[in-house]
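There are two complexes below, and they share subunit A, which is joined by subunit B in the first and by subunit C in the second.
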Partner chain A sequence: MAAQPRPSQLFRNLNAKIASIPMVLTALVVFVGGTVWTVVYSFTDSRLLPRLRFVGLEQYERLWSTERWLVSIENLAIYGILSLIFSLVIGFILAALLDQKIRFEDTFRTILLYPFALSFIVTGLVWQWILNPEFGVQSVVRGLGFDSFVFDPLYNADIVIYGLLIAGLWQGTGLVMCLMLAGLRGIDEDIWKAARVDGIPMWKTYLFVVIPMMRPVFITTLVIITSGIVKLYDLVVAQTGGGPGIASEVPAKYVYDFMFRAQNLGQGFAASTMMLLSVAIIVVPWAYLEFGGKRRV
Partner chain B sequence: MKFRSLGAAVASAAAVSAGAGWAVDLEVTHWWTSGGEAAAVAELAKAFDATGNTWVDGAIAGSGSTARPIMISRITGGDPMAATQFNHGRQAQELVEAGLMRDLSDVAEADNWLEVVNPPSLLESCTLDGAIYCVPINIHSWQWLWLSNKAFEDAGVPVPATWDEFVAAAPALEAAGKIPLAMGKQPWQAGGAFNVMILALGGTDLYNTIFVDKDAEAARGPEMAAIWAAADQARQMAARSNVQDWNEATNLVITDQAGGQIMGDWAQGEFQVAGEVADQDYTCLPGLGMNAVLGTAGDAFYFPLIEDEEISAAQAELARVMLAPETQVAFNLKKGSLPVRGDVDLSAANDCMQKGLDIVSSGAVVTSTDQLITPDTNTQLEDLLSQFFSDMSLTPADAQERWAAIIEDAD
Partner chain C sequence: MSNPATLGPAVVGGAAVTRDTARGARPRRTLSRRNIMLYGTLIVISLYYLLPLYVMVVTSLKGMPEIRMGNIFAPPLEITFEPWVKAWAEACTGLNCDGLSRGFWNSVRITVPSVILSIAIASVNGYALANWRFKGSQVFFTILIFGAFIPYQVMLYPIVILLREMGVYGTLTGLVIVHTIFGMPILTLLFRNYFTSVPEELFKAARVDGAGFWGIYFKIMLPMALPIFVVAIILQVTGIWNDFLFGVVYTRPDVYPMTVQLNNIVNSVQGVKEYNVNMAATILTGLVPLTIYFISGKLFVRGIAAGAVKG
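Right, the complex of A and B next:
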């Protein structure tokens, strides 16, 4: 290998390279090009129509002094962290329970996965009614005789984000459970036998043996949940409309509202650039650790 | 588009010999999809079809904020419709500036629009550099307080005639288990109600200082502080109003669960549909009973520029039809709005509409906020007011300071 001149890297596997040119171009023009275009125009004062009149960092200064944007970021952080933790934990526990070779497993799996078949719009509307104090949970409990019972998350600015979280978890955990269940089924039966022979309690086997073995499944799930969190939009629109007041606004809704309702493209672009940046800050180090590490091994 | 109009031209070639002129299909987009609105649009279509052309209806469901992005992207994307609705004001300003709209000055001059359209400010907001780019078609005003007579009867207090009396009656309404003020939770409703309070409680001068001159000093001043104090009362009166949409809030008034609602004259349609009678079942107070001045918001039609003689001629025809006295009457009676010309007979209108007509014809009008501030500024103001109405920990003084900062930056 060392003695021979290396064949040019460029012409190796030429057919495959030619075949992938359309996809490469699409990626460059649509994804990279569109992203660059958005970032460039976020430094302009574009209103309804994009125009190249640069105003420096003005859009960003306004963005970060806007209360609504700050509330949006805070909401996304709360929703994101809690939704990540709870959907993983609940999803895994449900999967572990279903994995105990119970009867009617298919039925339970269908029931638990069913909410995922509904769109966020439907989910949002359903939970808007369930959490409505006059028709939903509160009125049912009061009807049972607890007259002072109060449960109105969608009308209380301090806890409205948890109302969204409940609906989001209801919709999303079924899928997480299915992914986890698939991962659990991939664990060799012999591992369990070995653990049993050694007298390790079941919860310890799950925690210290099975979960580490399920790392790829966890990573897939993590990516799916996180991307769902960042683009959180339709659930909010359907369930609360961002209210009460601005208490349940999220960044994606800010971007849409400023681009189209307020006809201020520059401001919308600045907000979407910040979203891109925050995703990059999370994803780049992770991708480096995940994929960059392997090359060194 | 080209192909379709060519087809229409060929098809109509046979009709030419009969001397009927060139029949053209015009696609018209709008967001009028509710029952009453659709009936009103049908009047426009009927009038236009009577000229020998064809109205191709392009209704977009889901209110203006859904429809406008679609319309704008079609116009900027090179697939323009022949005519489209916008609220008159600054929503289409940039499209006009970019030269994407047809200049209607020829029609306007021939039909003497400058004389006919009342109030003149409607036509002014269609004008750029002396050329006219849109047809105002109706007037909607925001400045109304709708009261349920029965709710006040139940509370044992007389039906108020002014905002102050209404505020004074609030404790009695509360005691009778009523919500004093119904208000939907969507931002535009809080924002709109607040603008109404500026005009009704602060007076026309204050309104103009704020929205025409964008005077930040006045926005921080004591007169505005009084408005904020009133808004503070209003949010407490509306604290138990747990509905989202404006018509759900109107429904609280109709079913006598709430005392009143600040809402535009489109609310009247809801009372009519519910079979309520003005002055008997409900009372309407223009200008909240304090300052009977109306803002003249409303709808207008714009005609995208299309390089085609026939279409252009048909667009002129449509513009002419929309402003014709018969169309104005037929359309506005169905829509529940006021006509844009003072010389038509609307004796069929009900009491509340008559009150509105009297005010508009007496000239007690101001230019609407849609015409004075950009959608950008409007969105910021709405967000703030929506927060103010739902978050009791935001003090009037803090809110006023933030509000003034937005006015200061407005253009």
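Right, the complex of A and C next:
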């Protein structure tokens, strides 16, 4: 009798364990296994096919001395920082506007969020068309009489990244707005009453009371936007194809091109490992703060 | 519809604008400076967000001569549906000239099984995690959630190898598996959070009555969780339909999903650029997620909020 419960350890919740097999496989084989595999092979000289001939950091040295990679990193940095700042600011302002107990709130929210339902490919192609210098905004403004008006971000290597930014913000700010709006709705009504009683102007209440209270929402949004920015790929492929020249290349595109086009797997692995590293730098401290902190409470 | 900035008291171009202006001005009781500013700002911003959609539709309804002559914001003088027909049935990618319809049906054949499979697996998973915890289940769940942050690029090639070993690399089946894998973190989180919120007494009562793992799932949890299933379906259909990276990596040209085919049609270097056909093709590709978005309304918002904000 006493021995009875012992062997049941493995078979306890057997159905639950069977049901969890896909999750366990995905977590272990694909996420952990795949990541480790790529990191290991980034130290090899794999070209057309992966092979385990270790060459130390050679792939990384080559990566960081490749012009195209440096341009990609610079682009991602500019795009990332600007996109982060603008989407947080615009998203918050839009949310604050919608939070004024306005009429037709649903209509406005529907309009501001619909681009988020569209793919980056569709987004990129529409903005490629709108920013087309021959027919788009530039030609329309010139048609109004400003003959020397120049606005061709997609054909000017110096500003092409801002062309991408315009499209990216159009697509993504709706999401930030929704997250912020949820955060604003979570603020206690009494805070507003107290601020009004004390005669504090609205913008000051937002800046010094509400925003600090929404810190968790901001942090979550930050993490979501950042992990999305690192993946930036479809938009570039659709809108500029990385051009003009290599002016709008991004790391994710570098990875794809080297893995599946240039048949230089080692470079692709090294580049993707760098992407992983940059995400880890952001996500790990956040997770530590978020989950590590909770456990202590 | 000219410039949003000229949208003053009565300077109005298109029909849509007229309605919007009327909307902003109606509540005369509260026609304060604050409200004019508020609604004015919102309307201008809304017009900006609507502009690309408007340009897409307008361009797709014009003939090429009119596009070359006129400006992209002008409504079509002569409406033609030829670009739509051409985009759907005749546009060329590489050697195939049967239009976007091929990509559309590929996307349907990818999306439907992917959505069903990923939701079926993730809901059972979430249920097991919420109600049938076993040793180690939380560890795997944590890994799964962290996996959601790993850039896909890191896992692209190992999955190519896995699919090749399984003999499904380059096929729709392979892509369905990939979508199921990458949909798992967010969906499992969604379902786990929902099932955790179900009162435990209900679960215990069912246990006492002798219901097992699957019995409780199918008889109690599944019917209760229908709204969450709808949210998950919305999330997955839009996500999978809009995917580009996995489509381009894991399929061959004849089974390319719609987004990949669209990109190939529009960004092909050979031939004369037919902007009206391109825009018609673009709308066609965006139509499925847009329809879901407009029909689902608040549920879509709930979906992305659930997807974005943990817990």
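The definition used in the following text is that the second predicted complex is superposed on the first by the 258 of 297 C-alpha atoms of A that agree within 3 Å, B and C clash if a C-alpha of one lies under 4 Å from a C-alpha of the other, contacts with A are read in each partner's own complex, and residues count from 1 in each chain.
In the analysis below, a residue touches a chain if its C-beta (ideal position, glycine included) is under 8 Å from a C-beta of that chain, and two chains touch if they have at least 3 such contacts.
Computed from a predicted model, the values in this text were never measured in an experiment.
Asks: State whether subunit B and subunit C clash or fit side by side on subunit A once the two structures are superposed.
Replies: clash
Asks: Is A:F43 touching anything from subunit B or subunit C once the two structures are fitted on A? First, second, both or neither.
Replies: In the superposition, A:F43 contacts neither subunit B nor subunit C.
Asks: Figure out whether A:G241 sits in contact with subunit B (first) or subunit C (second), or with both, or with neither.
Replies: both
Asks: Identify the partner contact of A:S227: answer first if only subunit B is touched, second if only subunit C is, both if each is, neither if none is.
Replies: Second partner only.
Asks: Once the shared chain is lined up, is A:Y206 touching subunit B (first), subunit C (second), both, or neither of them?
Replies: neither
Asks: What is the contact status of A:W69 with respect to subunit B (first) and subunit C (second): first, second, both, or neither?
Replies: A:W69: touches no partner chain.
Asks: I want to verify the contact counts: of subunit B and subunit C, which reaches more residues of subunit A?
Replies: C
Asks: Per the contact definition in the header, classify A:F260: touching subunit B only (first), subunit C only (second), both, or neither.
Replies: Both partners, subunit B and subunit C.
Asks: For A:F92, select first, second, both or neither according to whether it touches subunit B, subunit C, the two together, or no partner.
Replies: Neither partner.
Asks: Taking the superposition as given, does A:Y79 touch the first partner, subunit B, the second, subunit C, both, or neither?
Replies: In the superposition, A:Y79 contacts neither subunit B nor subunit C.
Asks: Among 221-229, 239-247 or 329-337, which stretch of subunit B shows C-alpha clashes with subunit C in the combined arrangement?
Replies: It is 239-247.
Asks: Take the contacts of subunit A with subunit B and those with subunit C, and give the residues found in both.
Replies: The answer is residues 132, 241, 260 of subunit A.
Asks: Name, in rising order, each residue of subunit B that touches subunit A in their complex.
Replies: Contact set of subunit B toward subunit A: 65, 68-69, 72, 76, 91, 93-95, 98, 185-187, 242, 244, 374-376, 378-380, 383-384, 386-391, 402.
Asks: Residue numbers of subunit A touching subunit C in their complex, please.
Replies: Contacts found on subunit A: 12-13, 15-17, 19-20, 22-24, 26-35, 37-39, 41, 50, 94, 97-98, 100, 102-104, 106, 108-123, 125-130, 132, 135-136, 139-140, 143, 170, 174-175, 178-179, 182, 217, 220-221, 223-224, 227, 230-231, 233-234, 237-238, 241, 251-252, 255-256, 259-260, 265, 268-269, 271-273, 275-276, 279, 283, 287.
Asks: Help me check something: in the complex, which residues belonging to subunit C touch subunit A?
Replies: 23, 27, 38-39, 41-42, 45-46, 49-53, 55-56, 59, 67-68, 71-73, 121, 124-125, 127-129, 132-134, 137, 140-141, 143-144, 146-147, 149-159, 161-162, 180-181, 184, 188, 212-214, 238, 241-245, 248-249, 259, 262-263, 266-267, 275, 278-279, 282, 285-286, 289-290, 292-294, 297-298, 300-301, 304-305, 308-310
Asks: Taking the touch rule as given, give the residues of subunit A at its contact with subunit B in the complex, in rising order.
Replies: Its residues touching subunit B are 47-49, 66-68, 132-134, 152, 155, 157, 241-247, 257-258, 260-264, 267.
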